[in-house]
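Okay, so subunit A shows up in both of these, paired with subunit B first and subunit C after.
After this line comes the complex of A and B, so read on.
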């Protein structure tokens, strides 16, 4: 059941008009409520609009019109940025690492989630608790030993090293979501498949996974956001600029720049990929991050 | 509640006939276990060992912990962490009010939720760079404050050591409140409509319904969100500090997590970073654990 529908259901009776006296009170309350919401919306959107407007200004216009809306928009800042901050390379690297980590998490997470939710054997609850609580270990705590470990395995400055670290960081939430999702699927389906002679692995790959598309979408998008937004891990693992991830590349370029219009263009470019992702995957994203809250 | 509910449901799973479940089961758990073991749990143990060794000679020593106790940067970072935690109520209440407002059958609540969510999605380090000019003395905040007679309030928020930490917190609130709204709305959606209906038929006002019917039923969600807030305040600020202040001016925005990384990457001292990291783990664990026990005991008592 989606959060959307259930909230809408609750809303209908909650918002139903009662007596006239209450309705007139409701109008004042509603106005205040809308005012509050619009104020917050403005606070969210204003910095974004200000930055986009600055990014479209030429340095000449910026000198005379620092805070106002742009009058003569130019894309010069963006084209400068795209070559200077190696935007294309960064995007490619982020996609390689994110997809690698997501596929690895899907495979390991769905197997473990299935075992925890649908098989009965000693130690599965212990495993579940250990994996979940490993999510409580701050990355800053293991940052030094992980660095030493990657150095020892020759995994520094490699996609594989970064993918493995992200797989470990994303595992708790991924296993949790798969276990919760598989737990909600009827066991009768599995028993029917078993009576037809399917093996456990066959049941997992041919019965469960095709039904698990929502869980795949949710874990996929959550881990994508984790990889894409992260600064510290790629800063630690990657060393050569041509392997650096998108956000780190932008951040390092922003640290070098002095020209405010160029900085604004870099910020806008840095915000675009996930904004676009959000427009397409909003439903799964909101369900994903609120998944743990209401079970 | 979250994990507990899932655990209970899993516990009710029916025993499946035939197949040797233990072998197949462990086989299915193995890849996930291996990754978590090698890149989460082993580093945790190795970090403790590393922290007890001398950076140069490798001999066993408590030197790193001794240095920690007398390190002014670390002391400043711990004090700042304490100051930051004073803001937890703000981070809990602001999204709650917005979620309540959205819950009042507003047209377009999906639009507002989407807008609020958008800010959470943005890379923290980029958000920090976005706010740097906005918070400067000649920035747009100043031009907003001046006409309404608050021009005296406008100054370089990030360059002043009395305001820098609070400016970072404001940026963080801007980023994270939408996530809280989303989580509260998901919690509100689970409240049975007939309870609200019954209270209304009894003549209770909206405010009273919120206070006495909705809020108690929402307590588990509030508890979950407050634990998330504490964890992200202590461990999720790296990108913001990196771009906004770099820990300065002085040590005024230095936090434990930021200091650990600078010890590792700037001072190149992994043993000391491991000692600080282990201490951070114990501190965060103690705080979150205490919080969970306190909060869930109250939830159960209610």
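After this line comes the complex of A and C, so read on.
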């Protein structure tokens, strides 16, 4: 009896410090976790803040205060870029090409993805594998044939030519995403629409695509970023300066711009369309992640 | 509205599975027909073949006398309610119901009118501007039915539409479906694995097993005169009791008991039927002999294992000395070897109690031990009703 009591006592006396230790470890662990997250956030945000801050500095302020925050913000760099350095033209061209490619990718990619995911035909898997594996070919190895083909079809230095190249480059991942998304939709929806009298194209356009906003958002953003960040393809296809894309403009300006503040302003301008697109599509992206969770 | 017919229809899937084999069946104009059977029996495949969502690998399907075997699903003028309802989530209820009309390029005013009419019929007028995601299970069910009936199809197919509803709602929807079918009078085929749904909903029930039609007829006919042990065991809850017995000169020998068969049963026996048989007894064939009852019935000593008090009746699972329940008797493992009896609630049956059970053989069933087919001829007047199992050749010549 006495042994039991003493054991119980021991347990009680050990129990309290152990609980406190766990709690304090919990708090310390949490603090360490948050500290780490803060560090990562700072590492991501610092270059962005530095760029925005630099873009708002005058060359004189930048010379005296290179790393610090801006004290006397000015929009002179932006006005110079927009009026003199054709940044606006580059942006417009990038938007035309990106949107053109995305629309083409949505149309062709959703059709191919639907066929692969929901239609039964001979060679379906082989077709899917060929489309997917074409995405593994390094772009550098097909630069010459692409150039030759565009030249043959008189599509060099044209929006259409560049749009077609981007549509081809973005097709594998687009078809893959659409096929994966459509594959998760219940087949009964398609069967119901078929019984209701819809054609295959009608099923795709009226029933399936309107349900695929997350897939549209993801493929849209991926391809938008691809077009906006790519340097090699526009250099290859576009020749006239007034048709050149934004990134090429910035790269070429590296030599022309004397001031780092103007470079920074160029980068900030380039970030705007991507940020706006992402903010707009964000809710669909999140919905895409949770899709299928609910019956 | 139209008659649906299967003529020697079979379906073999690419992996070699025979989902439906040599199905001959006629669903009459305006009839409420149930396809019932366990999972994998081919009932859903048969339904999908009517809809055109699966093509038969043999035979012919006709709707209203016209062969539709190769006709596109959209051209068959058939509507279907799916197990998961298959409502278009991005469309409002109104647009969901209007969809089949729009696909047929119906006039805008007509679409509005028909949608309103269907909504009124189903009591979902207040839901028309909601999206399917904002509806409860029962409401979605109604919308799915609305979408199916709005274009007044020739036939109406339902694939286990009640299986996603809770028990209470299921009973309610069952009653509504019967009422609705009577109101619109459209030929309806309803697929279910639930024998209670099959018994309560249909004018006729087709029982399927392993791709083959076992028996078709009105629920009562199937219940009281099952063609084989499968149908006998599948319909009824608790299921029928089976035991091995022998038949000799109108007397049934079970273990050491000699039970005289009533004349009504003997008359239905073929000559020379003596020999081993499987005796099938519904739970209601047993009565508590301790209560005032028919003194002429033979009685047996039974040890009660467990009882289920349901209020109006008591289910007792009993062991009868010397009687061995056949392997056909479906019971949970802990009740293996027991016989189910549906007793009067006043019965003294309780676990551990020994009862005298009276056995009413007037409703017994006798099956051939090898084939499992019944050896009792249908009672007068029942045979003529069952016109759906004729071989193809006879049907064609008829």
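The criterion applied here is as follows: the second predicted complex is superposed on the first by the 259 of 295 C-alpha atoms of A that agree within 3 Å, B and C clash if a C-alpha of one lies under 4 Å from a C-alpha of the other, contacts with A are read in each partner's own complex, and residues count from 1 in each chain.
Note that contacts are C-beta pairs under 8 Å (C-beta built on N, C-alpha and C of every residue); 3 or more make two chains touch, one makes a residue touch a chain.
None of these values were measured; they are calculated from a predicted model.
Touch counts on subunit A: comparing subunit C and subunit B, the chain ahead is B.
Within the superposed three-chain model, A:186 lies in touch with subunit C and out of touch with subunit B [touch as defined at top].
Once the two complexes are laid over each other on the shared chain, residue contacts for A:70 go to neither subunit B nor subunit C.
In the superposition on chain A, contact of A:194 is made with both subunit B and subunit C. Residue contacts after overlaying the shared chain place A:202 against subunit C, while subunit B stays out of touching range. When both complexes are overlaid on chain A, the residue A:91 reaches neither subunit B nor subunit C. Counting contacts as defined above, subunit A residues 191, 194, 199, 294-295 meet subunit B in one complex and subunit C in the other. If you check the complex, the residues on subunit B that touch subunit A are 2-3, 5-7, 9-11, 13-19, 21-22, 24-26, 28-29, 31-33, 35-36, 38-44, 46-47, 50, 97-98, 101-106, 110, 112-119, 121-126, 129-131, 133-134, 138-140, 143, 174, 178-179, 182-183, 185-191, 193-194, 196-197, 200, 206, 221, 224-225, 234-235, 238-239, 242-243, 256-257, 260-261, 264-265, 270-271, 273-274, 277-278, 280-281, 284-285, 288. Across the interface of their complex, subunit C is touched by residues 186, 188-189, 191-199, 202, 206-207, 210-211, 294-295 of subunit A.
Residue ranges on subunit C touching subunit A, taken from their complex, read 51-53, 72-76, 78-80, 82-84, 86, 88-90, 99-100, 103-104, 133, 147.
Contacts from subunit A toward subunit B in the complex involve residues 3-4, 6-7, 9-15, 18, 29-30, 33-34, 36-37, 40-41, 43-48, 50-51, 54, 66-67, 104, 107-109, 111-112, 114-125, 127-128, 130-132, 134, 136-149, 164-165, 167-169, 171-172, 175-176, 179-180, 183-184, 187, 190-191, 194, 199-201, 204, 225, 228-229, 231-232, 235-236, 247-248, 250-251, 254, 260, 263-264, 266-267, 270-271, 274-275, 277-278, 282, 285-286, 289-290, 292-295.
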